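Each of the two complexes below includes chain A, the first together with chain B, the second together with chain C.
Up next is the complex of A and B:
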């Protein structure tokens, strides 16, 4: 139940900077997600907080106390590792009891505590089983249980659901969230899965090559991405990007994307921030309206390349200017390869990025 | 020839091959055993005696008695009366047991700890340490001379301590290499989880990692024990009067009265017992241990 503060944290491994001048404040009782592609430095960041890795520069505070020189075994932090790191030679009970045994808790109290936690994770019936005979989801719960029994100050979770199948993952997502609410503990959760991060996080951070991109509540990251990286990271399917350049015409500003132009005159204030006329237009698939006939507001005509039915909805891959964009087809829409259709971009939902700096302009 | 008969033929040939190699492996042991229960005139008879005409225990009685003479041609009944058991005759067995046990334990202790440190705290990607193995690459004779001189100065010649130290130092590098490869296969997260659970660095090793390396430890222990158990050179040069091991005793049977093959075989049978017992005790680890880590292949 503590606040975690990282200040100007840096870490290099043999000349390779893995965490770069990172400053971050994680509030108490918060479910905080760290989102980043593989290799972004998520694990390293968690290890720095846990004290398993020593930073080259910067400070780590737990509960406003500087812990730079506190050994990992005294930081009172629990971590669920990517590979779980359960003791394969011990039973479920022994695994969960281990942290308490190390702390020399009396036998009966220990037994009660383990029982209690096992019950809340619905793994009571597994207590005497060997780790080797458990399913992936059960192992996952045991790992969580081992972290829970000692009531640590902070929970660090490194892609804890990545080894589970899709259905179980959805289930565990809800369960972890519920657990965090019940415990009122600080959870720091690293994941490469944006859906996980957005659905679970009270706040989230996007990490790229050891650098924080944006830290905020998921809605803000989704609706107001700070740069092209964040915009492309969130959303499924990802945002469509098209390159274009600004030009003036009859006192209006147009973004020329090649086969079509978009009037961006009303953004002229924001456009002053751009470093040049080269911009990137971003639009999410859900903000593109696909119609069979060209209407008065249509942006352009496109050719259907791939039709990807997902049961309830359908994703169309559409050819524009030699590139592809993705859009959701309206209900009941039928299309096949080679069809000519029209698309309409929701003018209030377009994003503009500076091509050079990749920063958001709007 | 249809597929069925071909299948039967193949498996038949496979059995023949397995049985043949088993026979080849077992034959020397059988020969030792049968010689140990043969009468003297059958030891090296031509043609060979495959099955003793009359199994006797005199060879065992000989090695466990204070006999100074072994008269070939004596009738077995007389022989039985002649040799009576003497505790002092057990000395080589006890000495071998003491030296091998302590030598192995010390080597395991030191080697395992260093292996863990090298596995966990050694530089990532650094070449494995070769220097500890270097002096195993010399022929033992090459290093034994300086060792003898050193031992003479330290007054360790013909002492248990001296030979235990010799065994331990000679085998520590092997333990180090074997155990390091076992530790390398255990994920670091196991130690780290233990540390976060509140263990000290040593606790993480002792409570987290070591139990997982039990199979490796058992196999390494057996391997080192057999090495020490069969040492001849070391005890020949550094022991002899006060310290007499089984291999040294065996050498004594090749003198004076000619080759005493019967007692040699009997002593050989006795020498097989401790490693065999050890092997049976740790049997459940053996298969796992041999297919995992450095002794693999």
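Up next is the complex of A and C:
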């Protein structure tokens, strides 16, 4: 139960900057997700908090205590890796007892502690089994259990679900989040999967090239992304982007995207923030209405390229201006390759980004 | 024409990897072999390719019995998960390879390479060595290398599983578009239900070497033949709850202990087809409605176990009896853990499964 504060943290490996002047505060009892592509610096960030790497610059505080010079083994931080790092030929009990044995805990206390933790994770019945005979989800729980017995103040998790199959991942997502609630511990969770970050995080940060892009609750990142990177990272299918340029016509401001224009006069104030007339129009697939016939509010006509039925719904890939946009088809909509249909962008749900800076201007 | 498999069987010692599989793939059709690892899908593909000999049964490609033909005489193109591209050769030479060993004239080779490279958007890397390419480019080269010999039948074994989620989505669409434009016959092996659903004209769902169902994605999704198919397709998975069949006052019910559902309309079908009174009620998460009040007779009381906002949707997990139920709510749905809720099923979407046989009765 501890607050984690990072101040102006920087780390380079052989001349390559991996973490760049990063400042972040993670609240106690928070489930905090760090989202980024492979190579964004997620693992390095966790290792800096754990004390497994030493930063070049900046400070790490655990509960307002500066721990820059505190060794990893004394930071009271547990790290769980993607490959779990369990001893496959040992039993669950032996694996979980290991960190306590190293600390020379008396036998009875050790036994009680392991049993108590195993109970809280519903793996009591597995204590005598060898790791090699467990399912992926069970192994996951043992790895968490091994961290828990030490009663650490912060849990750092590095893509702990990526090796599990899709079904189990979905189940473990729920279980991990519940566990964190019940333990009331601070969890810092790194993942490349936007679904995991959005569904599990109380708050989340997006990381790109060692820099934080946006830190907030998932809803805000989804609905009000600060820049094009964040907008494109969250959501599946991802937001559609189209390049356009602003021009004036009869006192109106139009965004010219090529085959169609959008009136953006009402964003007059916001447009002053743009560094030039070149903008990126963004719209999420769920905010595009697809119709057979062109209507009065239609944005443009498009050609159906690919139809992707997902079962409950259908994603249409539509050709417009040499590019493709994605939209959800309305229920019962039939479409095939080559069909001409119309789309209508919800005028209240469009996003505008400055092409040069990639910052959101709405 | 196309591919025709009759009573195909493959035994490895005592293990029966593929059990009497019969399947027809029409010319120009995209068919996926879908199933968990070990279901026999790759073994089937390898027999079609000629890399494995069947224990019994026949394989016809374009109406020719190919059982005894070596792979190179089968008019097939093969793409694997691990590319099998020559790293030390340029992209151009990789593409030319198959044509050269077929002694295609030089000007014909150049013409085809140009076509294929343009199509797969690798024209700008033709002179680069394959070893230096990005993963998606490498996969395009692998596809191009097979495509260039104009195979009658294109066989792909999990070709996208090494790519990250975003790239996989892009390649999925491009592969599908290419197949449509070339009217190429494709057999595609995958364990990813989303890939199979979105790309295929028909899906062959396999489990333990046996074909479970062979039909269009929409039929497989909406009318699964058995519990395996129902569970394997769709994400989050279908909800299942054990029930027993009960009759009272001329009416029929599914009794789940914590609730009972009137199924009088299916009385006759269930009586005629079910092998015992043990049944399973199955319903997809998107067909479960969440309510704040018990506003209908059949509302079932529960409490929120977990809420997972994932942008356009929210996954809500709630206990029903001793099982966890998942429901898909709108993107804006918010609830706290422990909130009291009621759920109801979209009646036409309820499936009833015979517990003993696993067959879907309704």
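The criterion applied here is as follows: the second predicted complex is superposed on the first by the 361 of 362 C-alpha atoms of A that agree within 3 Å, B and C clash if a C-alpha of one lies under 4 Å from a C-alpha of the other, contacts with A are read in each partner's own complex, and residues count from 1 in each chain.
As a convention for this text, a residue touches a chain if its C-beta (ideal position, glycine included) is under 8 Å from a C-beta of that chain, and two chains touch if they have at least 3 such contacts.
Not measured: the values here are computed from a predicted model.
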Handout entry: Superposed partners chain B and chain C on chain A - clash or fit
Key = fit
Practice task
Go through the superposed model and pick first if A:10 touches only chain B, second if only chain C, both, or neither.
Solution key: neither
Handout entry: If touched residues of chain A are counted for chain B and for chain C, the larger one
Key = C
Practice task
Considering only touches as defined above, state whether A:91 meets chain B (first), chain C (second), both or neither.
Solution key: neither
Problem - First, second, both or neither for A:163, with chain B first and chain C second - result: neither
Problem - First (chain B), second (chain C), both or neither touched by A:115 - result: neither
Practice task
Quick one: classify A:173 as touching chain B (first), chain C (second), both or neither.
Solution key: second
Practice task
Please indicate which partner A:235 is in contact with in the superposed arrangement: first for chain B, second for chain C, both, or neither.
Solution key: second
Practice task
Once the structures are superposed on A, label A:50 by its partner contacts, choosing first (chain B), second (chain C), both or neither.
Solution key: first
Completion exercise
Here the angle between the directions from the C-alpha centre of chain A to those of chain B and chain C, rounded in steps of 10 degrees, is 80
Practice task
Quick one: classify A:286 as touching chain B (first), chain C (second), both or neither.
Solution key: second
Exercise for the section: Minimum C-alpha distance between chain B and chain C after superposition, to be given in whole Å. Expected result: 14
Exercise for the section: In the complex, go through chain C and note every residue touching chain A. Expected result: 36, 164-166, 169, 172-173, 176-177, 180, 192, 194, 197-199, 217-218, 221-222, 233-237, 284, 286, 305-306, 308-312, 315, 317, 324, 328, 331, 337
Problem - chain B partner contacts - residues on chain A that touch it in the complex - result: 50, 52, 71-73, 75, 77-79, 81-85, 87-90, 98-99, 102-103, 146, 150
Problem - Interface residues, chain A side, partner chain C - complex - result: 37-38, 165-167, 170, 173-174, 177-178, 181, 192-193, 195, 198-200, 218-219, 222, 234-238, 284-286, 305-306, 308-312, 315, 317, 324, 328, 337
Fill in the blank from the handout: Interface with chain A, chain B side, in the complex: residues 187, 189-190, 192-200, 203, 207-208, 211-212, 214
